[in-house]
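Several structures are given next for inspection.
The same subunit A turns up in both complexes below, where it pairs with subunit B and then with subunit C.
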Partner chain A sequence: MIVLRNVWKTRGGREVLRDVSFHIAPLESVGIIGLNGAGKTTLLDTITGMLKPDGGFIRINGQERVLGNTGLCRDLVYISGARPQLWEELKVRASFAHCVEMYRVDRRIAESRLAGLVQAFLIGPFLERTPGSLSLGERMRCELAYAFLAAPPIILLDEVTLGLDVSIRDRVLRYLEEYKRQSRSTLLYTSNRLSEVEGLCGRVLMMDAGSIIFDGSVRDMLERVSPLGRMEARVSPAIPDFEDLPLERYCVDGEQITLTYDKRKLDTAQLLRYLMARCEIKDVRLSEPDLEEAVRIIYGGGQGWKQ
Partner chain B sequence: MGELRIAVQSLKMSVQARMQYRVDTLVASIAVFVRESANIIVIYLALLKFDAINGWNVNEMLFLFSILFLTYAVVVSLFADLRDFSRMIREGRFDRLLVRPRGLLLQLILNNADVIASVGHGTLGILLFLLSAGRVGIEWNPVTILYYLCAIIGGVLMQGGIFIICSALSFYFVETGSIRSIFYWDMRRFAGYPISIYNKLIQTLLMYVVPFAFVNYFPAQFFLRKPDMAGYNEAYIYIAPLVGVFVYLLAYLFWRVSVRRYYSTGN
Partner chain C sequence: MRAYLEIAVRKFQDKMAYRLDFFMGIVNTAITIVVYLCIYRALYAGASEVDGITYRMVATNFVITLGLSNAFGYNEMFLQDKVHDGSITNEFLKPVSFTLRLLAENVGEGAFKLIFHFLPALLFTLLHTRLCPPKSALHLLAMLGSVALGYLILWLLSFIIQTWSFWLFSVWGIITIKNVLVSILAGTLLPMWFMPAALRRVIACTPFESIYFTPVRIYLGELDGAQLLSGVAVQTAWIAVLGLAAWIFWRRGVKKLVVQGG
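Right after this comes the complex of A and B.
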């Protein structure tokens, strides 16, 4: 059980956490999404006690302090690109041995877990090397394996798919989803990709500028965000504005236009017809809104937002 | 026993990590050995001009030095991270230890061994011991051997304690390098000679502030009984190993208090 109540944190005169409150139940998996600088890492740092909040309180399993509390430390693992857990100077395998000792994992269980992780993350070749000789992505896979080798009741993962190429990222996400299905730990997962969180987490916290601007189920979030479509097109001649269309948002940059629209109000075919009647379409691309867009939509309470 | 297994495993891993660069480690160790030996040779040559310093002849002086080097060899294999603590904090390598489920001090002691310095100083220490111990008339029997071992352990704990105190000061002050260099390195330099050659101030520092006198001077007096011992309480010889234990406990308590302060204020 993780409880935060009215947590504030100021760093360098900037409020990096503003009045953050939430509960996370045991075995819940929660995705924390937000753009860079939204406060995701600060939030995890604060939960683990690496940063002290300026106000409010935090309890993990009813206890106030993580640092210096070996018992509570054994209940969680925190993996973050900024705070590697592997020993730099040791071979990855030796770090894993340390991990198994520290988290008191039964030797036989540890061996079978490691075998599974080697397969899932394809880290076999890295075990006999030191983290320094691995690439960012390779190191991150080993860091992840460290977390799931320990497999404590609470696992905090901060932007762990950073630097992973697509196929590996899929493998990692599949492993996480499988792990979640077996409901073995509370999982806190930060990301700046909405799509990653979709499959993995039942619940989403969306952060912006240090505040939680959305806390609810993934389905609720998608319902608010996914009716939106996005069209990027190059048109000639340029169209100065789209004030006569019920768009959520648009952006005109010479011939390049980006339109965000609610499919319930305006469908894609209508929009294309509108454009073809006025100009020649040189290029068109349709996409779902990205996180930046989603943040704006949630922030704006679903209201149209024009630039 | 779990902790002991981890301790042995950690030390083994430090050595293994160094051994990945075998030649590099060997050359660096030799360099440390040569550097330290050069200092000793200079002192040795200077001493040949005199018959003795305050009654201590050359061999007795080398015996005094050997304790310093032997204890340091053990100190750096345990307290390397605490010796370089400010650098560790500066490079951000300290934070990651915080959420690991193991005592912080224990992690710092176990994790890193300065194998190079340990081998360099250790070799010189053993060499000096072999050169001098036979010539200063020590009679080795179970009692003297036991005292010698206790003195070494006490000396290691004393120096480890000083490193811990200096490291804990990093939680209060940004720059602790100069404190460390005055309280450890300068005092250690003084401790190379019989403390009776110094003025009262330095003697007091070496006995009661940074008690290096209890690392080598008083233990050496157990074996040598030089006349300058008359200036000090005889009991100091026997409590010498305990002084190390005492300093270490004091350091441990200070560390506990300081690190708690660090936890509650954050970095």
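Right after this comes the complex of A and C.
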């Protein structure tokens, strides 16, 4: 259980957290999204006691102080590119051994967990090396393995897919989704990619300029953020007449047509079928609002982007 | 507890990986012993004793002192480096006490140096120099306990100064001064027996006497019975005092760090 009430934090004259309040229930998985500088990392730093809030109140499992509270520290792990947990001078395998002892994981469970993690994140070759000799992405994979080796009740992950190759990122996300499905821990996951959070988290907190501007289920957010879809297509030979479709807007430029539609009235598949029945489609591209637009939409009260 | 043991053992194993460091350590320690023993021998100039202190006692004092100071040799700038690059707060996330973890790492490194640097050098010394035997097996045992307490005093002195890096830009100078003071006042260079009486009275009021000299005197049997117990009691008292000071500095430093951000 994580509770924040009216948390404020100022750094360097800038308000980096403004009146942040929420509850996170055990085993919930929550995505925290926002653009750079929205306050995501500061939020996790404050929750884990790395930063002291200027005002307000934070409780984790009913306890106020994380720092120096070894018992509470054992209940959580916080992985962030800026806060490496592996021992700099030791081989990765030794850091993992420390992790197992510090988090008091049963040795046999730890062994099978590690075997699974080595397979999932492909970190076998890194175990006998020190973090300093690994690349950024390789190190992050080891840090992630450290977190899931400990697998404490609360796991906080800050932009952990940053700098990972696409194939590795998919592996990591698949592992996280599987972990979430078994719901073994509370998961806090920050990202500036809407798509990552969609699959992984049931609930989303959207931050902007230190405030939470949206707190709700992923579905609610998507409904608010992307009621509008846009389709760009090249068609021939004739441009059909769209009179009988509930389109918001359309624009024709030779072969190229751009259609804007409200997904609640017309779904994409229906529109495609309509087109295919009437003309030959050479090329088609769908676009949806990205995070920047999503933030603007939520701010603007569901206006949706305009072309 | 097991976590700290694990940390100490891993540090010990980690040190073993550096072969060159390992051999240079032995050579370095052996040379230090030979050089100092030569100086002492020259100072004795053939006399069997000076002020009732024999050359062998002086040699024994030096070897024990060197063993302990060897075990203490670790990177005293560790905390400052961590504070400067801001990585200190990351360490607070680990579910172990940072101070005990640091102690465990230093002890692991010290154990390595004792076994692989000091012991071979000691054996080499015994080939050419006869040292005093311990007064009894019991005295030897008591000395080992006393050495552990002496180590803790050294460690706490260092840790206290290291915590000042929360406020000061660099504690390197202070650490150097501390190390010079320890080597002079704790009797590394000049054995405590030959210090002027007035200076010895002053040193008796500081933790310096409890670092090396108490274990040496226990080994030689100069401290016996009630005196031995009071010597150990004084060591323990210094650990309590320094421990309290270290705790206060540490807590304040951490508080400052978290409010300002790390």
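Operating definition for what follows: the second predicted complex is superposed on the first by the 245 of 307 C-alpha atoms of A that agree within 3 Å, B and C clash if a C-alpha of one lies under 4 Å from a C-alpha of the other, contacts with A are read in each partner's own complex, and residues count from 1 in each chain.
Convention: a contact is a pair of C-beta atoms (placed from the backbone, for glycine too) under 8 Å apart; a residue touches a chain by one contact, two chains touch by 3 or more.
All of these numbers come straight from a predicted model, not from anything done at the bench.
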item	value
When subunit B and subunit C are modelled together on subunit A, clash or fit	clash
Touched partner set for A:90, first subunit B, second subunit C, both or neither	both
Subunit B versus subunit C as contact partner of A:52, first or second or both or neither	both
First (subunit B), second (subunit C), both or neither touched by A:3	neither
Touching partner for A:78 - first (subunit B), second (subunit C), both, neither	both
Contacts of A:101 with subunit B and subunit C, given as first, second, both or neither	both
Which of subunit B and subunit C A:281 touches, first, second, both or neither	neither
Touching partner for A:65 - first (subunit B), second (subunit C), both, neither	first
Touching partner for A:11 - first (subunit B), second (subunit C), both, neither	second
Residues of subunit A that lie at the interface with subunit B and also at the interface with subunit C	48-52, 67-68, 70-71, 73-74, 77-78, 83-85, 89-91, 94, 97-98, 101-103
Residues on subunit B engaged by subunit A in the complex (per definition of touch)	2, 5-6, 9-10, 13-14, 16-17, 20, 93, 95-96, 98-104, 111-112, 259-260, 263-267
Partner subunit A, residues of subunit C touching it in the complex	2-3, 6-7, 10, 13-14, 87, 89-90, 92-97, 254, 258-259, 261-262
Touching residues on subunit A, where the partner in the complex is subunit C	11, 48-52, 67-68, 70-71, 73-74, 77-78, 83-85, 89-91, 94, 97-98, 101-104
Residue ranges of subunit A touching subunit B (in the complex, touch as defined)	48-52, 65-68, 70-71, 73-74, 76-78, 83-85, 87-91, 94, 97-98, 101-103, 130
